[in-house]
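My structure is below; once you've seen it, I'll send some questions.
Chain lettering (A, B, C and D) follows the sequence in which the chains are written, and residue indices restart at 1 in each chain.
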Amino acid sequence: MINYEQPSNASDKVVRGIERIVATGKTPYQDYFFFENRANGLCIAINGDIQSCQSDENIYHEALVHPAMILHPAPRNVLIMGGGEGATAREVLKHDAVVEKCVMVDIDEEFVEVCRRYAPTWGEGAFGHEKLDVHYMDINEYIKTCDLKFDVVIGDLVDVEDWESFLANLYSDEFYANLKKILNPGAILATQAGALNSVDVTNHRNVRRGLGAVFGHIESYGIVVPSFYGLWGYVLASDTPFDVGYETLSTRILSRFEERGIELDAIGNDAFHALFGIPLSIRKKFEGE
Amino acid sequence: MINYEQPSNASDKVVRGIERIVATGKTPYQDYFFFENRANGLCIAINGDIQSCQSDENIYHEALVHPAMILHPAPRNVLIMGGGEGATAREVLKHDAVVEKCVMVDIDEEFVEVCRRYAPTWGEGAFGHEKLDVHYMDINEYIKTCDLKFDVVIGDLVDVEDWESFLANLYSDEFYANLKKILNPGAILATQAGALNSVDVTNHRNVRRGLGAVFGHIESYGIVVPSFYGLWGYVLASDTPFDVGYETLSTRILSRFEERGIELDAIGNDAFHALFGIPLSIRKKFEGE
Amino acid sequence: MINYEQPSNASDKVVRGIERIVATGKTPYQDYFFFENRANGLCIAINGDIQSCQSDENIYHEALVHPAMILHPAPRNVLIMGGGEGATAREVLKHDAVVEKCVMVDIDEEFVEVCRRYAPTWGEGAFGHEKLDVHYMDINEYIKTCDLKFDVVIGDLVDVEDWESFLANLYSDEFYANLKKILNPGAILATQAGALNSVDVTNHRNVRRGLGAVFGHIESYGIVVPSFYGLWGYVLASDTPFDVGYETLSTRILSRFEERGIELDAIGNDAFHALFGIPLSIRKKFEGE
Amino acid sequence: MINYEQPSNASDKVVRGIERIVATGKTPYQDYFFFENRANGLCIAINGDIQSCQSDENIYHEALVHPAMILHPAPRNVLIMGGGEGATAREVLKHDAVVEKCVMVDIDEEFVEVCRRYAPTWGEGAFGHEKLDVHYMDINEYIKTCDLKFDVVIGDLVDVEDWESFLANLYSDEFYANLKKILNPGAILATQAGALNSVDVTNHRNVRRGLGAVFGHIESYGIVVPSFYGLWGYVLASDTPFDVGYETLSTRILSRFEERGIELDAIGNDAFHALFGIPLSIRKKFEGE
């Protein structure tokens, strides 16, 4: 029996049974491993870290994309950083009623091709969409050379394992300061921001630190992703104040889903508010910055 | 290295490191195993199943107790079924302002003693409280002989592993029908109701089935319990309609916490609403009854 | 981290780390999985069962082949049943001085090709050897149609997991009775015969039962194969008495290695005698037939 | 389910199921953990390392004790270093016909008591035997103060995990040089000497190095201990030449077992020779000193 073992919480581990190995290889940028798991269907791992699984990738991706998209009244230009599997673009393009251009910048063309071949449902309807431009390049290079300004930015980059590594730069205040140069006034950014368990929220804290140093307003939220075996965190950031309070969410915000004709299959429009109800004892772990 | 391995989702498993074995033994009713885990502190397992861990037992127990207690305007008499560790009673008694009597019925006196000895923080302030009566007996026997009527019932019984077993009776419509005889009009019941992951929600469905057959109104809710590696489910039931809608929760309900002087340490009063935001794709698994 | 987990002894398991997945697939007859393991190099698994590993496949294969070959004074024609990786043929052909024809019958041509591609050192010097004939067919069919008579037969078939299955026939008395029809007088057979641990020696007992019903003399032997995490068993069988006693081994038998110019790289000629020293407490497990 | 996980070969691990925890605690010198395992019965671990299991502790202890005892023509005084469980003394005292005094020196009185209470079969017939003296003290101290001279020394000390640690001194040339002062001419020493798998034989090499620096003649041997999941190594050492060659073993040596009325239950007298048949490819790992 082949297993996929991932450490958790420093003392524990989650072991996933592998029914079938679908694809395994190494691009110039990362190792990938696609396997079938009985509980969660097709699972995608990069560098030994589960990225998303068929059973609930829509939970993960809906939570990543829609809060920023819906908090912004008119997200015309949207930038996706990373997002190689294509599901992030898929969710962004559900806001077709307001989106004019979605630009996805991923350094790893080979990985995107592997995803399109082995995990085609992730990017369904996205790749080939007339509003989507995909650039295979370093996001730093893209920022330097791009002549668009964005209303929403979605960060769907891999987790940082080592905060001294090069990858950590993509979550640094320096990086975000550069990114700001290609943002429109009122722009809002959302990024995946690591696991939120009760013990180790280092990644989440560090993401908040980078964003908080550059943007005037940040807000954490989360949702349980069953195949990740816990609560997953995200951070919103903007220089313009935004309100995720109870009343706003239940009125103005929800109506935008309706206006744009969007039903959240995985989260459910009615449960959207729960994204902003991270248990206090977990919130305290990362707010004591 | 000693590990505590628990299957999950039929194909996967969660392996918790054991730093120290604190207590292990067998009462007439169950096997218990108390151990220290680096991530989650003291952990209590019964019959090979984690019951609660020091790091987040307050998340589990706050979620179990407070929704029913706060939805009821005047919970004078409260019955706890099971709850041997004492934390359920601890949470109930936080409603000291309105509670007059809290009765805890647990069949396993020896286990309660083991908990009081090895996990004293669970029952802190509960055992010895003047409003708490503890009866060590079969809950069926208690129902037959008791002369109190209850406003709130909290079910904190162990998970059913085998729905053909004797234990399953405690979640059956027959059992709930008997229980009803000792309820006041307007009474509300809350019970823990198994894991809510995306794959297997058998336990939750079965708990809903039993309650739904007997009570006019039922409602599922959930919260992430990090040491359980996922979302945990609960069910509310009453013959009197109750509202867990957004607006009610944000107004009337929250004010009751204030009136009774209760701060939810683990969930947070502000995040209380999120209990009722189970992701739609998970909700669909158990609602297709 | 990807692991290869194999149950052992009903209550335990051996978990091997996977450095790299080399090949995985399904032939018409079996699932194969080739992976790199830090401790043992390239490992070959069939149907979830480790077959042999680079680090010590020579221990396994020398022990399988040489006792029968050396106990026979003149093994001209040798039949290999199974042996897809080619290492069994490699060892047989070390007796080039006396062997005239080595016939390998393996049902699974695709698997043999996979081995030649991904594990070429196993069959080094065998495939392509002028004395080797490979037939890709059911061994039962081969027996019916072959017109050679053999002096030595080496059984290198996969372990039986289910003794009610079709595969079990290849270890049955009926099968061995048929096989006998293509043996020369004085022929000797050796077969791999499962793990010899102190607890479960079912496979070994069953192999002995089949052979013992058909041949006049059988003898178990074994050697530790580190990558199998224990002692591995084999059985010799013949209608002609053979002696693996101390004195015979140390004199006549060892001299044959010299006569044929064979040095046992893995076992060592000097340690050859130890094959016949299975600890008594283990021997008792399978001898109480 | 509770498991006992032990790393092996740097990349792999052996996971043993725990049926029941029998005893766990900490003496001034070590952590101990006694558990029931389905395959191997009662298992004793010290500092996270399996010491011996009920199912085959006799294989381990017979192999440790009898080679030295039988190679010596008249082992009157025998010293056991360590051996807390009592099984080493039990085996030594089987040579009652020739032994006059058996001295066991173990630093950890509490551990010996724990063994006598929870694993009484290990020391059966030893503790309380009139020829056994037990001293609870540092072996270095014992050597300084003792006025006996020994014919055989059996080293049954725990494995060294860290060769920079204090414990490593007990396998150092300095230690052995001191030990020599209390040996009779012709004395022979045997010590357990770590796992002999194909990959990592560091412990065995280091034990050989210490002994080889001090004694004129050393010899490695081994036997499979199924509950250790592989081959276990031992080293013999003496200043007087001793012969473990085939012929000697099969004649003079075996007759001594008979003379002393000893039947090796676990190894078997007939399989005694196999102890000295370590596969060549494994032997090469530690002989390239």
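Just so we're on the same page, a contact is a pair of C-beta atoms (placed from the backbone, for glycine too) under 8 Å apart; a residue touches a chain by one contact, two chains touch by 3 or more.
Not measured: the values here are computed from a predicted model.
Engineer: Computing the C-alpha centre of each chain, which chain sits at the greatest distance from subunit C?
Structural biologist: B
Engineer: Would you mind pulling out the distance in Å between where the CA atoms of subunit A average out and where those of subunit C do?
Structural biologist: So the centroids are 53 Å from each other.
Engineer: What is the distance, in whole Å, between the centres of subunit A and subunit B, each centre taken as the mean of its C-alpha atoms?
Structural biologist: 33
Engineer: Find the geometric centre of each of subunit B and subunit C from their Cα atoms only, then give the gap between the two centres in Å, rounded to an integer.
Structural biologist: Centre separation, subunit B to subunit C: 57 Å.
Engineer: Indicate the residues of subunit C shared as contacts by at least two other chains.
Structural biologist: 15
Engineer: Can you name every pair of chains that touch?
Structural biologist: A-B, A-C, B-D, C-D
Engineer: Show which residues of subunit A lie in contact with subunit C when the two form their complex.
Structural biologist: Residues 1-6, 15, 18, 21, 24, 33, 48 of subunit A touch subunit C in their complex.
Engineer: Can you tell me which positions in subunit D touch subunit C when the two form their complex?
Structural biologist: 8-17, 19, 37-40, 55-56, 58-59, 197-200, 223-224, 226-227, 229-231, 246-247, 250, 264-268, 270-283
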